[in-house]
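Heads up, there are several structures right after this.
Same chain, two partners: chain A is paired with chain B first, then with chain C.
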Partner chain A sequence: MSTLTETKSLVGCFTAEMFEAHLASLAHLPAWWLERKRAAFARYTTLPMPARTDESWRFSNLGSLTLDGFALPAPAPAAPLPPLGIATAGTLVFSNNRFVAREPLTAELAARGVIFDTLQNALLTHGAQVKAHLLTQSVKQGSEKFSALHTAFLADGAFVYVPRGVTLADPLAVFHGTAGAEAAVFPHTLVIAEENTKATVVDFFRSTDASAQFACGQNDIYASHGAQVTYVAAQNWSRCTLSFQFNSTIARRDAKVLSLNVHLGARQARHESHSQLQAPGAHSEMLALTVAHGTQEFDQRTLQTHQAPNTSSNLLYKNALLGHAKTIFSGLIVVDPDAQKTDAYQSNRNLMLSDDAEANSLPGLEIQANDVRCSHGATTSRIDPELEFYLRSRGIPKAQADELLVFGFFEEVLLKLEHEGLRAALREMIKIKFKN
Partner chain B sequence: MSQLEIKDLHIAIGEKEIVKGFNLTIRQGEVHAIMGPNGTGKSTLAKAIAGHPDYTITSGDVLIDGRSILALEPDERARAGIFLAFQYPSEIPGVSIANFLRGAVQARLAEGDELDATAYYKRLYSKMDLLKIDRKFTSRSVNDGFSGGEKKRCEILQMAMLEPLFSLMDETDSGLDIDALRIVADGVNAMRGPKLGILLITHYQRLLDYIVPDQVHVMWDGRIVKSGDKSLALELESKGYDWVKTELVHA
Partner chain C sequence: MKPPSELDTAPPPEVMTDNPVVGIDQTAGNFSYNVDYEFDAGTGLTERTVDYISSVKKEAPWIREFRMNALKTFQSKPMPTHWATRDLENINFDKIRYYLSSGQKPKRTWDEVPDDIKKTFERLGIPEQERKFLAGVEAQFDSEAAYSNIKEIVAKQGVIFANSTEALREHPEIFRKFFGKVIPTGDNKFSALNSAVFSGGSFIYVPKGVKVAQPLQAYFRINAENFGQFERTLIICDEGSEVVYMEGCTAPKFSTSTLHSAVVELVALKGAKIQYITVQNWANNVFNLVTKRGVAHEEAEIKWIDCNIGSRLTMKYPGVVLRGRKARGEVLSIALANDGQHQDTGAKMIHAADETTSNIIAKSISVGQGRSTYRGVVHIPKHLKGCKNNTECDALLINTNSRTDTYPAITVRGDANSVQHEASVSKVSAEQIFYMQQRGLTEAQAMSLSVNGFINDLARQFPMEYSVELKRLIDLEMEGSVG
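Right, the complex of A and B next:
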């Protein structure tokens, strides 16, 4: 009896029946992929739920981490795209785990071998590349179970392949939408940037209604020698959504990856990000901006792994907290024994706009080399009353003054994005959150 | 014509009374200079009128055209026509001058009215031209890393854009070399006119060579002890503040 109950709580609504039906709908995909999914589902069913004693879930609200009450949603009609206000090199739109619309790549980029397609198509046409990079890096910061769930139920997503030497001037945009009550979605974006390429990929996560939903997404970035990849994820799920998002970044020799996660939506959002600096000259810039309000919880766990000499990483996560919101930042820099001359930095800054909000910060270092420069810092501060008075003395009401100061606080991060249009689009998204 | 009346004003910081019965009426178009040694309550007066939360007005009143502003929030006082030019303007990283001023101009529009961005930038640039400020200035963060002179010019630009009825200029000359002082004074003089009343707070007579006041008031221990025309500033300069102490206070 107790075994039954336990098994049920480990699986929740994501049952074997649901999985078999899901798998049957993907029968046209390669066998290796279906096998991986089977293995992942098996892992999911056996891995335990996070426990109070798990260091990697310290401060997290475990009581509200439920796997019950969700279902794979029916197809939803494509909602109109929110106007981005920027030129894109191509757009893919997914809704409820299905591809629904696209703006194709320009003929010129297609002719140069750039691929921007659905994962399902890529599995059929570019199986080798997908197999080499899709979900090959294990999640290490506590969410092994949820990552396995993602692999098991991943139906479709975006595939970006930039062949050697190609530069994309405009960003590629991917919209991942969720519609309807109890909908469970598993968005994915896979970016493969070959040698000496330059590309920007933006994931937009959004709900088309305010119902309670479940999102469990992952993205893989592979930056080959000298590749420059900018990846932006703007998360704006409904305020009732339970969200998991995992990132894996691999930077090869002289590759430069910048990732920026903007967290706005969800009731509880867990984000894990892992950068691996695998060869000399590799650099990862890990950025995040969070606006937490109401009773939202944003739980961010990061890992910077330096596996080769002369690699660098710089992490800057900024949170603005309002209401009774809660944030958790836990970051770890790991320097392998032979990763000499590593230069790694990690910083978490919290701006408290409410006395009832709670910001937790757990920075960490694990250094096995002896000639490195690694440091971390965490600060928590309030709106400076002198700055607020200065703005108000110009006639700006308190709420707008505070909003300006929050934008000022975020600007340091936004300015690291080269693309001015993208910066403006993100500012606009953040502004809307302040209006609601 | 509007007038700003400061009536028997008493101001405390915590328990300590700093301003002790200050009286002055400023009309639009007038320039009043307040001179006095450090610690006599000049800056306290300006900040308290602007509504700084650290200062408590314990008695007396401040009125614009007969209406008290003391119950108003700092931003409401600003919109009612008060401008405080800070002695030490705050540095606000990440907030551009253009966005900051836009917010301040927007706050003066009626609810629901959207700012006309084209007209706003046109006006901003014309004020900048008037004050000989480079247009690149607008994309810089407010006062962030500015020199003393740039900060003061930024204050004058804000004043020009917001067109207050009354400007309280707190030690505008502090931290300025003679060239910067001249530029700032030119800016103030360019705005001087029947629509603006100015309260010029200064420690030194030097500023008054460039901005010539209609009246000069000597402040001591929280109140005005002597008023006169611009020649009073020169007299004060030659006789020093000891003269105030011995002749005026104990007279």
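Right, the complex of A and C next:
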């Protein structure tokens, strides 16, 4: 009896029957993929839930992590897209794990070999590339179980392939929507940028209603030699959603990857991001902006691994905390023994806007090479009273002065995005959250 | 008196394995020689061991009970390897002697002391008499009398300075109130172990308004009995009083035991100031697992100066609980990890009142395959106003295969406090070395000058003789690290 209850709590509502039904719906996909999913489901069922003594879950609220009460949702029509105000090179829209609409690539880009399609199509038409990069990097920061769950139940997502030497001027936009109570979604975006390419991919995550949902997403970014990839994830799930999002970035020789995560929604959101700098000249810029209010909990874990000499990375995570919100930032820079001349930086800034908010910082370093420049910084404080006084002495009311200062705080991160229209769109999203 | 667990008092030959982490032989510090101890609790830890220690010390029943409870806690707690190094699993608790009292002189002569150790003493400029003590040739430091007048002077001011057994027996009214309160038995596995088998250490009470002019030096300089594997220190500074306490010394200390686990508790009442200076240089086969914490009441100040050079693994995070308004806590830490060593040190600052401030400055040097780790906690709970923390961690890596880690944890609640943390990792700049070599220094000299410069601003805060010895010691450690 006790083993029965134990097994049940390890699996929750994501049972073997549910998995079999899910697999049956994907029978047309390649066998290797179904096999990988099967293995992932087996891993999911045996891996334990995070325990209080897990260092990688330190400060996280484990009591509210639940695998119960969710279901794979029925198809839902795509809700009208919010106006982005920018030109895109193409759009893909997913709703409740299914592809629902698209704006195709221009004929010119398609002719040059750019692929922007659903994962299901890519599995059938570009199996080799997908197999080489889809979910091949294991999650190392504590969420092995949830990552296995993602692999097991991943139905569809976006696939971006940029062939050698191609530059995309406009971003590719992917919308992942969730509708209905108890809906469990598993969004995925796979970006493969070949040598000397340039591309921007934006993931938008949103709920179309305010019900309690479950989101467990992942994205894989592979930047080959000299590729420049900008990846933006703007997360605005419903305020009752339990969310997991894992990122794996690989930067090859002289590749430059910039990723920006904007966290606004969910009840409890865990985000794990891992950048691997695999060859000389690789650079990863890891950025995040979080607006936490009410009783939201944002749990961000990052890992920068420098595996080759002459690589660099720069991390800047900024959190603004209101109400009773809680944020956790746990970062780690790992420099492998022969990764000399590494230049790595990690910074976490918390702006406290409420006396009930809680900010936790765990900035870590593990360095095994001596000729490196590695540093990190973490600060937590309120709005600078002098700056506030200055603005108020110019006749600006307190509320407005604070808003200006908070946006000034975020602007440092937003300015790192090259695309001005994208900056404006993100600024607008943040503004809406503040107004509520 | 025979130990309860064995009839033969000869210690079994200690079998030390190579450090599994780096495969370096760490038996160099093993001096095993036969000593007849007057009291010997034998190896292994059971209720009988604890009973034995307690009865040898003729302790009050409440202390015996305290020890027994601690033993249960120790046995029930798991090793903290979910966050700490797995090297801890190499401690064999059954092979350790938990209590020895040397009533007789050790039967070892100066000639038996290995040459390289004699040379080390020479290089460090350790006084002749102290050398013999440190090498284990003499049970007691002969010139104790020279120092004991300090003890007399402070006694006139009403200062109580005794070892743990004596203090708990003769002044329970003062010490019982705070004993085991700053660091509860169950704080961690090793504080529980210490609570079960503690012996030695200093208990100090400084009365209201008394400012002790001389630093009180523990161990051989005043009180030979203070030296131990499981010493217990409790310092209480009454309102407005001040004391500086020093323990350890820069010279390598060779012990037959491979586990040192002390508990140090400090209580600074309103407006009091305590400065606690440690210089640790255990032999390279010792596990040094120490719990140190102080409570600072209103406007009180506690400052830990902690310098770790020896041992196989040191885990030590001096902490301050800032309990009263405007209390201040400070930790200055220097760690040097050479081949086969892991210095896992840091600091804890628990803010529990408004306007409390804390400062942590940690500098570490990793030489060869040495590994140094900074681990820290800064905690500012809800609704406090005007708390400030500043943390700086700097690591210096000397060789290409040296390793350093930084694991801070910072929790801040509310919008009326400010915390900043910074850490950096670097190597000695090639330009600096070049400049010095161009002026005629050898590369090794240049390197050691550079390393001394790196810790200079902290070393300056040490008492003069300590900082001079420290400088020499760093020169010594840096030898053979370059070229």
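Here is the rule we use: the second predicted complex is superposed on the first by the 434 of 436 C-alpha atoms of A that agree within 3 Å, B and C clash if a C-alpha of one lies under 4 Å from a C-alpha of the other, contacts with A are read in each partner's own complex, and residues count from 1 in each chain.
The criterion applied here is as follows: contacts are C-beta pairs under 8 Å (C-beta built on N, C-alpha and C of every residue); 3 or more make two chains touch, one makes a residue touch a chain.
All values derive from a computational prediction rather than experimental measurement.
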item	value
Touch count on chain A, higher of chain B and chain C	C
Partner chain in contact with A:A339 - chain B first, chain C second, else both or neither	neither
Which superposed partner A:A359 touches (first chain B, second chain C, both, neither)	second
Which superposed partner A:I367 touches (first chain B, second chain C, both, neither)	second
Partner chain in contact with A:K398 - chain B first, chain C second, else both or neither	first
Partner chain in contact with A:H376 - chain B first, chain C second, else both or neither	second
First (chain B), second (chain C), both or neither touched by A:A269	neither
On chain A, the residue positions that both chain B and chain C contact, one per complex	none
For the chain A and chain B complex, residues of the former touching the latter	384-387, 389-398, 400-401, 404-405, 407-412
Residue ranges of chain B touching chain A (in the complex, touch as defined)	50-53, 73-75, 77-79, 83-84, 86, 89-90, 92-95, 99-101, 103-104, 107-108, 141, 158, 162
Touch list for chain C against partner chain A, complex	82-83, 382-383, 395, 397-427
Of all residues in chain A, those that touch chain C in their complex	53-55, 58-59, 337, 340, 350, 352-382
